[in-house]
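In what comes next, chain A is part of two complexes: it sits with chain B in the first one and with chain C in the second one.
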Partner chain A sequence: MFLKEYISDITGAVGSLLKGMRRTGYYFLHRGEAITQQYPDNRDHMGLPERFRGEVVMPHNEQNEHRCTGCTACELACPNGTIKVVTKFEVNAEGKRKKAVDRFIYHLELCTMCNLCIEACPTDAIKMAQHFEHSVYDRSQLTKILNRPESKLQDGVE
Partner chain B sequence: MVEEIGTTEQGDLIINVGPQHPATHGVLHLVITLNGETVKKVEPHLGYIHRSIEKMCESLSYRQFIYSTSRMDYLSSHINNHGCALAVEKALQLEVPGRAQVIRVLMDELTRIASHVLWWGAMAMDIGAFTPFFHAFREREMINDIMEETCGARLTMNYMVPGGVMFDLHPNFYGRVKAFIRQFHKKLPEYDELVTGNTIFRSRTRGVGVLSKEDAISYGCSGPTARASGVDCDIRKLFPYEGYGKLQFEQPLATEGDTYDRYMVRMHEMRQSLSILEQLIDNIPEGDFQAKTKAVLKLPKGEFYSRVETARGEFGVYIVSEGGTTPYRIKYRSPGFSNLSALDHVVRGQKIGDLVAIMGSFDLVIPDIDR
Partner chain C sequence: MWSFAALADLIHEELNAQLDPSWVLAVEMILVGLSAIGLFALLGLVLVLMERKVSAFMQIRLGPNRVGPAGLLQTLADTLKLLVKEGITPNGVDRLMFNGAPFIAMIAAMLLLAPIAFARDFQIWDLNIGVLYVSAVSSLNVIAILMAGWSSNNKYSLLGAMRSGAQIVSYELSAGLSVLTIVVLAGSLQMSEIVASQADGWWVFKGHVPALLAFVIFLIAATAETNRAPFDLSEAESELTAGFHTEYSGMKFALFFLAEYINVFIVCAIGATLFLGGWMPLHIGHWAGFNQVMDWIPSSIWFFGKTFFLIFVIMWFRWTFPRLRIDQLLDLEWKYLLPIGMVNILLVTAVAILGWHF
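Coming up: the complex of A and B.
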């Protein structure tokens, strides 16, 4: 009786093992069903979805103009103090003093990509870029100034 | 102070598992007292990944604090965010548009499947089977792609906002979820073939690590861990939120409470989540995906509690508001902590080799236990 149970246990175990191995063998022979991506080699045609959040960028047009008015709504919306907007006063053509952005400081090392700043921005001045390979040799390189030097506010953005 | 290594007066051996051990799935530190091969006591030590999220949230506004909960139970981050959004909506008495509700439920169930699939792979790996892990990641990758396309991130989405969801569904969402449902229907029997039917797996899990119904209740276990012991504790059934009451799904219950039952309950739950997806994917109503809210949210004075069913159990958010823009106090009730507290009771008298299998069946996520 004991021997019978012992043998049936072994045959059962081998049977269930073979069943699992058949599945493994199927994928060994059907290489087309593999979904592995050869990551660093497929960089050029990888393509990330447009909503993917890699880092905050400030788009500029050809005239080196951005849409940031320096209202600091993004700075207030950020949960970890990633954004610091330094403002200045500019005198416009009519001789009026007007608030404008001096430096838009963005700390990539603190950013959690929560998208709250983009949601808060009333003028769509900032957006998320799909770039995700952020490693650098020195931490200070992760602190970025997003508005380009000599850039101006686009006309018509209030 | 506990001796952390050496032998006790009775001649028992004290060893450490973790905090850097592949079987603990994170920085969990277990001090185990062993008599030969038999476990006499297990003492979990926490604090290795404490980030004081609750305290941090006190200085964040009601829009900002939601993102931090994705970092707790990172495998069901959507559902955690959902719980927080529900608490804020409850306090503001906000009506969430129908479309947003359906999107939320769809995302929750996708997250639940992704979490269970990952658990299935990790559990099989704990037992000693390596291949299932790759099979699990294949299906999980499909869900991650769906999330990436619609929410913008793969793991820490921050997609739920008070009043709805952050973006509308991506145009590809419908097709991708349909493809996933087809694929997952095909692959679930494969899972059973690989692991569930395996004799070695069965003999290593059946009757191992039994948690009785009374103990599951007294330790405050929830989720599949408690349902495997026969405790009727699905928040989606007991306190329906976001239209879960209108959906047709079962709450899988088992009676034995051993490792195998905990495994089977999760396998059934995947099928139930899949059926919820099938019910909803063709019936997404048109309309807004977000209710109109003020730019600065101010909660009325009072205390607010909301709960959701995450992949691991009941997740509760308790907000004490003084009427300002930031909470006075936030307390999270995380399912992992209560489930872990039952571990010592379950493991006593078992063999050390089974400890890893039992821990795997509890589905512990350490950042959730230690916030």
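Coming up: the complex of A and C.
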């Protein structure tokens, strides 16, 4: 009984060791799977993962329209005060006063790329971009206003 | 077919014509020493680069690829850096032992080079107890490690050295037993005769199961004796910073580093000689044509090919398996490898006496 256990111990151990060696041997022979990015050299074709988060951006369409309603849900969701939404009141075509975004201030230097603002946004107005080369000589350059000048709310976004 | 033996004979005759015999011996010794040092330097460069590339490929990385074409000059640059670095001797150390230890490690590695047959008729010293010599001298290495660990006056160094001592003393046994199986089969302790006995097939094929088992045990014991992962407890980075060479810097560190790789080369060379036929080409029984084709490949290429194959296997171990705990390490030796080795040697004796091998 003891001997049986002893031998099954050994075969089990050898089996698991060989399994590990098969994995590393596979990687050794399949060098195309290397995950190293040779960064400054391959800037143009980097192949970043889909979920890589570089900074928060607000996409605009061709008519210079964004989808931000100025609801400040993102500002509330942000854990460290990265986003500050300054709102204004606009009078729309029907003569009603309506809240709109004046300046969407984004402090990149405070952002931890936690993605909570993007999840909080009810209208998908902001998203994460993959651009990550943010270094500048002055900290004030990292404070960005995401809505472009003269931009408007896209029609039909409530 | 060209061979090193012709070159060696030529030098010998030339020297004999010029000098009297005792001077010839002295000059030849110096030449052998210089070529050994040259081989060491070259091996250090090649093996470190190979280790880094193999580890990189196994971990889905690229490895060094900036210095020189495909990173081939990386180790040369590293060596240059180590050469010009300051060799610090800390205040609290035992100076003589601290500074002597790296040299003992190198000398122990260098002595082991003597009985290895690098090619047909090309051997520094073909002594008739080659295998015994190897197993005796290889344990000198532990003295260097203990010296370094003790004299460093550092708890990590001492712990690493003590672990290394326990480990090498333990694994010496299974390494010796697995080497003995081949001695039983070949009927000689002389390296050249062991190689000659494999002219019709290597022992790992000819000796059936016992030889194969001995080969596996030898590989495990060799990995342990050279203090390489998964048995690198003596320098376990995560627990002991660098173990016995924590306090060393510059060239003294480089000597330890080099000695490790030289030891790997030497145990693999011995493994190749005992189990894979040394410089003997792959011969299969009576296939005259096939054997002739194999003979056409130079014997030195066979030797280095086999040795580097074994080195690759040991590197493969290193970059696949996690490090063992000290109790697991000793369990493996005393509960598994040693009993199996003992049964194996009984088995191989029966095989040799009854003539079951080819």
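As a convention for this text, the second predicted complex is superposed on the first by the 121 of 158 C-alpha atoms of A that agree within 3 Å, B and C clash if a C-alpha of one lies under 4 Å from a C-alpha of the other, contacts with A are read in each partner's own complex, and residues count from 1 in each chain.
Basically, a contact is a pair of C-beta atoms (placed from the backbone, for glycine too) under 8 Å apart; a residue touches a chain by one contact, two chains touch by 3 or more.
These numbers were taken from a predicted model, which means no experiment stands behind them.
J.: Report for A:12: first if it touches chain B alone, second if chain C alone, otherwise both or neither.
T.: After superposition on chain A, A:12 lies in contact with chain B alone.
J.: Considering only the touch criterion stated at the top, classify A:128 as touching first (chain B), second (chain C), both, or neither.
T.: Only chain B is touched by A:128; chain C is not.
J.: By the touch definition at the top of the document, which applies to A:45: first (chain B), second (chain C), both, or neither?
T.: A:45 sits against neither chain B nor chain C.
J.: Is A:97 contacted by the first partner chain B, the second partner chain C, both or neither?
T.: neither
J.: Looking at A:20, would you say it contacts chain B, chain C, both, or neither? Reply first, second, both or neither.
T.: Both partners, chain B and chain C.
J.: Regarding the shared-chain residue A:79, is it in contact with chain B (first), chain C (second), both, or neither?
T.: It touches chain B, and chain C stays clear.
J.: Have a look at where A:28 lands relative to chain B and chain C in the superposition and call it first, second, both or neither.
T.: second
J.: Does the superposition put A:119 against chain B (first), chain C (second), both, or neither?
T.: first
J.: Can you list the residues of chain A that touch chain B in one structure and chain C in the other?
T.: The answer is residues 17, 20, 23-24, 35 of chain A.
J.: Which of the residues in chain C end up touching chain A in this complex?
T.: So the residues of chain C touching chain A come out as 54, 57-62, 65, 316-317, 319-321, 336.
J.: Of all residues in chain A, which touch chain C in the complex?
T.: 10, 17, 20-21, 23-25, 27-28, 31, 33-36, 38
J.: Quick one: which bits of chain A touch chain B in the complex? Just the residue numbers, please.
T.: 9, 12-13, 15-17, 19-20, 23-24, 35, 48-49, 51-53, 77-79, 112-116, 119-120, 128
J.: In the complex, go through chain B and note every residue touching chain A.
T.: 60, 63-65, 67-68, 129, 131, 138, 141, 148-153, 156, 158, 161, 166-167, 170, 190, 193-195, 197-200, 295
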